[in-house]
Amino acid sequence: MIEATNIKVKIGKAAILDGVNFTAEPGKVTAIVGPNGSGKTTLLRAITDEIPWTGQISINGKSIGDYKAWELAAVRGVLPQAATLAFPFTVIEVVRMGLTSGVHGNKDGLASQALARVGLSGYEDRFFQELSGGEQQRAHLARVLCQVWEPVLDRQPRWLLLDEPVASLDIGHQLLIMRCLQDYARRGGGVIAVMHDLNLTAMVADAVTIVARGRVVAQGGVQDVLNDQSLSSAYDCTLRTNTPPISDMRYVLPQAAETAGS
Amino acid sequence: MRMHMKAAALAAFTAVVPSFVQAEETQGIVSIGGSITEIIYALGKGDQLIARDTTSSFPAEANDLPDVGYMRALSPEGVLSVSPGLIVSEDGAGPPETIDVLKAADIPLVMITDEFSRAGIVTKIRAVGEAVGATNEAEALAVDVDAQLQSAEETATARAGDTPKRVLFILSTQGGRIMASGRNTAADSIISMAGAVNAITEFEGYKQLSDEAISVAAPDVILMMDRGGDHGADNSELLSMPAIVTTPAAETESVVRMNGLYMIGFGPRTADAILELSAALYGE
Amino acid sequence: MTVADNLTIPIQREDRRVKARRAHIWLAALLAVTAILSLATGPTGTSLWGALGKLITGEELTTMERVVLWDIRLPRLILGMVIGASLAVSGAVMQGLFRNPLADPGLVGVGAGAGLGAIVAIVLGALLPIWLRDIVGNYLVSFSAFFGGWLSTIILYRVSTRRGQTSVATMLLAGIALGALAGAVSGILVYMADDQQLRDLTFWGMGSLAGATWAKVIVAAPLIGIAVVASFFLGQGLNGLALGEATAAHLGISVQRLKSAAIMIVAGATGAAVAVSGGIGFIGIVVPHLLRLATGPDHDTLLPNAALLGATLLLGADIISRLIIAPAELPIGIVTAVLGAPVFLWILLRRRGLVEF
């Protein structure tokens, strides 16, 4: 369980997050959605302790302030929205950096397995900087997967905290990665992902938190949260959700202005 | 200290024994400092020199000797490699680490005080003579040089009369910045010995001067070291520098260039240098 | 960084880790050979083998052999090794810390601070009371340069660290400001300097191992040795830092501690090296760069290899510097600059072709 209580983040005098409460459970993919500038990435960065915040954040019942750096690294992996890389490391070298903390068995095999999981088999010895943006993102995800490879360790769930993990991927790889995250959750791990694509979110998320204007405006299951009212209010435009009869998969369609009222 | 005593003992010893022993005792001299080398040659001991430093460029034979480098940046093994029996050096040879090693290698090392005056030159000649075992020759040379210097200074003073010229000694004009000599330098001494006045007396040593300071100094003549090359072009370039163009020296196009070692080396040729400089300043 | 689209993608066939580890052995062997060469060659032609033979048979060494081998070449060998290692390792650590292959300790004002220290000592040393000058003696310049390097690092750290966070950008800018300040103060002191002091400054600035003595070895070698060996423990941390500070922290690296350690190592190693040998350039940039090309940027193997190659290259440059114009000696800083500057330029041009910066 990851619990964040009354999280406030200020940049200068502006309150980016104003008393946010957020929970994520292991075994589930928890999506954080919201419009640009809503504070969804800020919330994730507070949970990953990247920026100064006030409030209470605990992972698996222990306040994150009580973790040592390497203990925290052993319990959660973090994928930032954009990661840079200095120096000409190869893909496998980057992925292996995820192996420096935590408990692992066959280290080298693990890095290759992680690459296979994100669809980058055979890319081991390519230079990281020469990959495309989407390939780099997947390589970084492989690194994060390596860091917390077993979803459950010592009976404690481990966590993947991801900021837009599929943002620059083509649709096929978006599905591949989301399946991979679902699989991690099915095996007992926890996944928190800031998401951009509402339909993809509706398809794979088990729980959704909508953040808007620095606050959580809705939190719960996909069917409860992704509805016309909460989405339209959060995104400040008219949106219509629907659930086709042949499946329970919800989808969201933007409504043109003239049909908004009908 | 030990080295000095050793050298002194050596000199005392060689003064009383026949000359063929002398020659053997002082074989393999390394001379550090242009004026020292000149004096050693003037004493007739040039054939005993086995190496010299970069500043030793006179007489021409000196250039054939191995060069152990600049006197303040001597390499210990470089100096040892010429197997010196004696090192005679101007004050200020270094670095100190090299000097320590040379002492450790039991090589007699004599440091000669450098003072920019008639008495200084004479003392230097005697000291070098003592170090290389040519006390008698040195005494004769000292007396000779002393007389020459006295006569040269008198001539120069007479030529200057009541209107000594103001002379600006420029060390370098690199990048348009003029490095000039103030008080207490070899250049300052040679200027006054040649019956002129140093235009800059505000500071000691060589410093960079502002353009305006040079205008204020109003030198009648600019004195520089001759580094070879086309003088005419150099002079017109020099005189058109903004700092200099306003000075009397620029008006009369008075630039004097002399060989550095000859002019400010303070060795046996200094009397000639005084006469030559004063002639350049005032005419014969 | 943006990646050019039309690049052909080179494939690394062999695992670079294996290559890099094998390089430890090759470079150590190369260093050993160079070290022996350094002991055996010099303008005097004193024979190392002859002296060793005498040592074995118990024969007494001549004064020349004792002085040349024991007082000149051996301290010079040790000092050359530790300074070469120190320059290369502090370059590699600095580049890892700044995540920029062109970073160099000179960049953050350590070199400038040390230089100012040396100038202060040369110019103001003459004003010291005699008793103090007697105590510090010939090593005043060295101590002062070392102190200047330390002090500038501490000031730099204070300026660029807020609430335990070091901003690399602030540190770079502060380094530039400190360098300018040190340059200005140096300028004032140089103006006050007399002729002889000016010449001392010029020769100190060029860098040389000619002044190597056992006293300098005793001052510099332990400090540099500790700094170099300590750097070997930063490998994983610096690798993580290549991903950015935030990501490094997510990997479980104590970024603040890593940065403090890196800064201290660089200050200690560079300060001590600059102090005893003056300014020796380019080793810190060229050595890590060549190694990254050959065996990859993994700091775990890069740092020990840099120490070995840096030591080897500086010893090589020193052999050149003492032989090329013998019996005079070319300052080693000139040798490294002549050899290193073209490589540095090549790095710049190559970088410009590959990535924009």
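When the chains are written out, they are named A, B and C in that same order, and each has its own residue count from 1.
The rule is short, and it goes like this: a contact is a pair of C-beta atoms (placed from the backbone, for glycine too) under 8 Å apart; a residue touches a chain by one contact, two chains touch by 3 or more.
No experiment lies behind these values; they were computed from the predicted model shown.
Distances from each chain's CA mean to the overall CA mean are smallest for chain C. Ranked by separation of Cα centres from chain C, the top chain is A. Chain centres here are Cα means. That of chain A falls 44 Å from that of chain C.
Mean C-alpha positions place chain B and chain C at a centre distance of 39 Å.
Per-chain Cα centroids separate chain A from chain B by 80 Å. Across the assembly, chain A contributes no residue that touches 2 or more other chains.
By the touch rule above, chain B contacts chain C in their complex via residues 51, 54, 66-70, 72-83, 92, 94-98, 100-101, 104-106, 185, 204-208.
Those residues of chain C lying in contact with chain B across their complex are 42-45, 63-64, 67-68, 71-73, 137-138, 191, 193-196, 198-200, 203, 208, 210-213, 216, 322, 325-329, 331. Listing the residues of chain A that touch chain C in their complex gives 48-50, 69-74, 77-78, 80, 83-90, 93-94, 97-98, 100-102, 125-127, 129-132, 147. Contacts from chain C toward chain A in the complex involve residues 1, 3, 7, 9-13, 16, 99-101, 236, 239-240, 242-244, 246-247, 249-254, 292, 296-298, 355.
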